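In order of appearance the chains are A, B and C, and numbering begins at 1 in each one.
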Amino acid sequence: MRIRKRKGLLIAASFVTAASLVLAGCSGGSTNTGNGSKGKIYLNLSYSGNNWQDQAANLAMSVAESPEVQANYSVQKVISGSDPQKQISDIQSMIASGAKLIVFYPISPTALNPVIKQGCDAGVTFVAYDGTVEEPCAYNVSYITGARADNPEQAFFGAQTAQGLVDLLGGQGKIMLNRGVAGTSTDIVHYDSAKAVFDQYPGIQIVTEYYGNWDSSVSQQETAKALAAHPDIDGVWSELGEDGVVKALQAAGMKVPVTGEDTNYFRKMLSQGWPGVSSGSPPASGGIAMKVGLKILADGPNSVPHDIEINLPYVTTDTAKACPGSEFVDGCNFFTNAADQFVTEVFDPALLPESSYTAAMQVAPFDKLVPLPDMSSYAQPEWRRIYTRGSCDAGWKEGPVTTGQVPPGLDGCVQA
Amino acid sequence: MKPRQSRRALSDNSKATVGIAAGIFVLLYLLLTLVSPISATSFIINNFIVLTTPLAFAASGVTLVLLIGGFDLSVAGSISLSNVIAATTMAAHPHSSWGIACLVLVMGAVIGLVNGVCVAVFGLPALGVTLSTNFILAGIALAVLPAPGGSVPAAFASVLSGTIGGTIPVALLALVGFSLLWLLFIKSRTGMSALAIGGDVKAARLSGIAVRRVQIVVYALAGLCYAAAGLYFSALTATGSPTSGSSFLLTAFAAAALGFVSFRGGRGSAIGAIFGAATLTVIPKFLFAWGIADFWVGAFQGLVILVALTIPWLTTKIAGLRKRDGEEVTVGSGPTQSISAMAETA
Amino acid sequence: MQPVNVQPSDGSGSAVLAEHSTTSRLATIKTLLQPVLGKLAVPAVWALVLVMIPLSRLFSSYFPSWSLVSNTITLGLFLTVISFGQGLVILSGGIDLSVPSVIAVAAFFTGSLASSGWATIPAAICGVAIGSLIGLVNGLIIARSTFPPFIVTLAVSTIGSALLLGISAGKPGQTAPSGLSSLFDGSLSIAGIPFSAVLLLLAILVGSWIQFRTRLGRRTYAIGNSPQAAVYAGVRVRITLVMVYWLAAIGYGIAGVLLMGYGSGSDLNLGATWLLPSIAVVVVGGSSIAGGNGNYLGTVGAALLITIIGIDINAVGLSQGFKQALYGAVIFIALVLGRLGRGRE
């Protein structure tokens, strides 16, 4: 009797497996928009399930699914998850399937080096967005070492927001630091450049630092814990998740300057008078990276620099401005009705002007793509190379950078 | 049941489960090559084997511990630490990479030894001990290497991930060699004792087996396997990352389940776990090649695992073992035990 | 019929007693003493919690403070609710790896229903109900098969997470309905006491009532202690197991909804960091991983203890790696102390 039950379970399970395969195969067509004769483009995510990743992917797909691209290429989105081996495996699968272009968010700046090299040798173009990779044959499109649009010498998210906080505090006060995910190079770049600024002001005291994991919920919890231990804080420097920082401060009845990245809630609070600076990672880099990849396919591997910097946003209490509808007009920089955790930097007037709130929230293929301008003005200066590629260019060596960059004295590459 | 009879019956059953695990993997890989003929080339096959090897070693280590009816959550921290130590020391001393590799293996065994002593001598619960060890090891890895970096010399990495004579993958040789070692182990006194302990601790103790010693040895060997996994991961990625091991925590056990290793203890083979790891690795490739949407990968893996769980029943029938009402001979318990099984024997 | 063996073996090599006459007398004495020693474990954990409050002075000159207690209560609330489910499952002799996916599913559906017009309470109930389906499936499979709970819950939750990823494609981030956020934003606090203290008290009362006062709770103890004896005593093992996993998932779902209220929003990774701590809390709180021995009050104490220790460790100026290693060491020490308190099994 039990034997029959077991057999029944086995048969049922196999049937379910087969059925799900069939169903999945039928529904799988929704993300696979191509056929065999067109060139293959892949959008490869590692992390997923949060607003930033989702928005960046939607923008990239909105670019790739526009009619002019679809005429020549098919595009497929692949989510690898946070397991490096899975991303290595997926990239190998993409290479084996004959990919022409892989636009991806790398789980690690180094773990993918061998597989990217394999792909480059097979003729695949790799464009990484937001996160960077050290393998020289891949292209990097990121804001991490980028400079402010209005002042190209003011670079590094960490340094600029640190300076902003110092200015708001008048050079004196106790601060705490909400970092990102421990063990990532992005967090280290932000932190090192911020510390380099804070170290120049003896009146600024860092009382504690903690890891919010670039997550609003974790940032809120960690900030609440830290506030319990340090209730006399004067300001907070934060990476992504600053909306959680502000909520924790509000729950504790404190209103102190906060610098962070670009969540909608934070900018809303800024516009209501909260002292602070909003900079940070633009999901627009997903769409921009796709455009860069397409340009490489059309105009050749030297048509864009290998290291592209996106401008660093910089919004303050004075310049935070609500957008009237769902379009970016008049220099507005957040949306009244968007979710708190919506990441606002989805628009770039020069590089992604087609963008809108709608295209960030779901894939909305752009009717007409605005061609990229000459990207050589977006090339990363050599002196910042070490932060993204792990080493300096030929003819350069490590050393403190004293000119062309504010603040001076940050580590970088200097001419040998 | 007489001991000699059960021993042969167990090994028949082992052969059957390993055979089925291998069969499932081969079937899936063949289906993969149908849609993606390039997957049959030696280059791609080598890539695949190198990719599978870290998980294969991790799953083997976990298998060892499951065999004696224990548990080991420290696989993640152990792999992270091995990877980090390998990448940082090899970066500082690129010419001693093989010596460093041996040291890393020893370190892994020592960590396993500590786990084993806590469990066997101090009587602490394996789940709790290895949970705390995991946090400690992961913390040390983060302290040693706060961000991805270090480097593994090309000489070391390319040997482990390369081929001999252009066709035979070194990783395949490593896995074959490991399998031979496994067979030697499982037929040795320690190995047979381990199976007996996992089957029934009381009976094992009564028949004079040095239970504590075997447990310590098994945990130490498992630690050795995790270190090997970490080394291979280092060769695969040519760098170190402090969180590199975290994804292995659940996949190692999933691979063991796909290899038909019994979570009750006393039955299973690391060779099955190696094929289980291969199956787990080929599923995303298989789904990718067949054009199935990415998020279905998780659903498919979960379903395959559930289906795989029903198969050991099949193999016991095939191996011709007589059962009372279909229940296992083992009486181990714990979170890996099934309550309903014990209830139904009453 | 008297059970012959005192405790089932957990493969850890602990002193499982052979059937010798003198040692079985020791066994009987141990059986009698066990409840007493076990009872000591719970007050010990709570004593540690109270001791940590003045001890926290070592970690920060601002400790102890009212905000330390208040934060321990609020953050401990989530761990307490989650550990109720995990504790019940471990009590029955299993383990539940589906914590993160149930939390994510419940939060997602609550948020998306609320944003399409549902009122807060129906949306939350529906969200929790959908999340609890994962637990229901877990229970059905585990109750009707001999599959190990570790793998079943792992496989089912992998399927659940994958389906969630597919369904949510396009809008993984959710805003919390306003009623939910007001639970935590201080608008409901009385005389400075956060509302989460009320919720914590509620969780303790309900959890204890379920574990000690209901037939389900008693049956779970029996099953975890000795399934054979449970069957002899007429306990309906199968239906109890289904209820255990389903109830546990309802608990995780409620925690997911609360977390969403706390953060005024959620994404699919909301539950990621709660699995290992939930196991640690149950183990530290005195439950035997083999099942059959455990006390929700001990689990609650352990949840608060681990939370307050986490806050203290954070306050120390160590690097993240050392903090994590310290966290692991603390769990290990608590494990050892708990084992000493209970005596060798």
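The definition used in the following text is that contacts are C-beta pairs under 8 Å (C-beta built on N, C-alpha and C of every residue); 3 or more make two chains touch, one makes a residue touch a chain.
As the structure is a computational prediction, the values presented were derived from the model and not from experiment.
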{"item": "Centroid comparison with chain B (C-alpha atoms), farthest chain", "value": "A"}
{"item": "Selected interface, B-C versus A-B, where C-beta contact pairs are more numerous", "value": "B-C"}
{"item": "Cα-centroid distance, chain A relative to chain B, in whole angstrom", "value": "35"}
{"item": "Between chain B and chain C, centroid-to-centroid distance (C-alpha), Å", "value": "28"}
{"item": "Multi-partner residues of chain B (at least 2 other chains)", "value": "142, 146, 242, 293, 295-296, 299-300, 303, 306, 310"}
{"item": "Touching two or more other chains - residues of chain A", "value": "6, 9, 79, 182"}
{"item": "Residue list for chain C, restricted to those that touch at least two other chains", "value": "144-145, 165, 320-321"}
{"item": "Residues of chain B touching chain C in the complex", "value": "68-71, 119-129, 131-144, 146, 197-198, 201-202, 205-206, 211-212, 215, 242, 250, 253-254, 257, 263-265, 293, 295-303, 305-306, 309-310, 327-328, 331-343, 345-346"}
{"item": "Chain B residues touching chain A - in the complex, by the definition given at the top", "value": "36, 38-39, 44, 47-48, 51, 54-55, 142, 145-149, 157, 161, 233, 236-244, 246-247, 251, 281, 284-285, 287-296, 299-300, 303-304, 306-307, 310-311, 313-314, 325-326, 344"}
{"item": "Chain C-facing residues of chain A, complex", "value": "5-6, 9, 48-51, 54, 58, 79, 182, 208, 210-211, 213, 215-218, 220-222, 224-232, 244, 247, 250-253, 265, 339-342, 361-363"}
{"item": "Contact set on chain C toward chain A in their complex", "value": "59-60, 62-63, 65, 67-68, 70-71, 74-75, 104, 144-145, 165, 168, 170-175, 184-186, 259, 262-270, 273, 310-311, 314-315, 317, 320-321"}
{"item": "Complex contacts: residues of chain A adjacent to chain B", "value": "2-3, 6, 9-10, 13-14, 16-17, 20-21, 24-25, 27-32, 77-79, 81-86, 88-90, 92-94, 96-97, 108-114, 118, 182-185, 187-188, 390"}
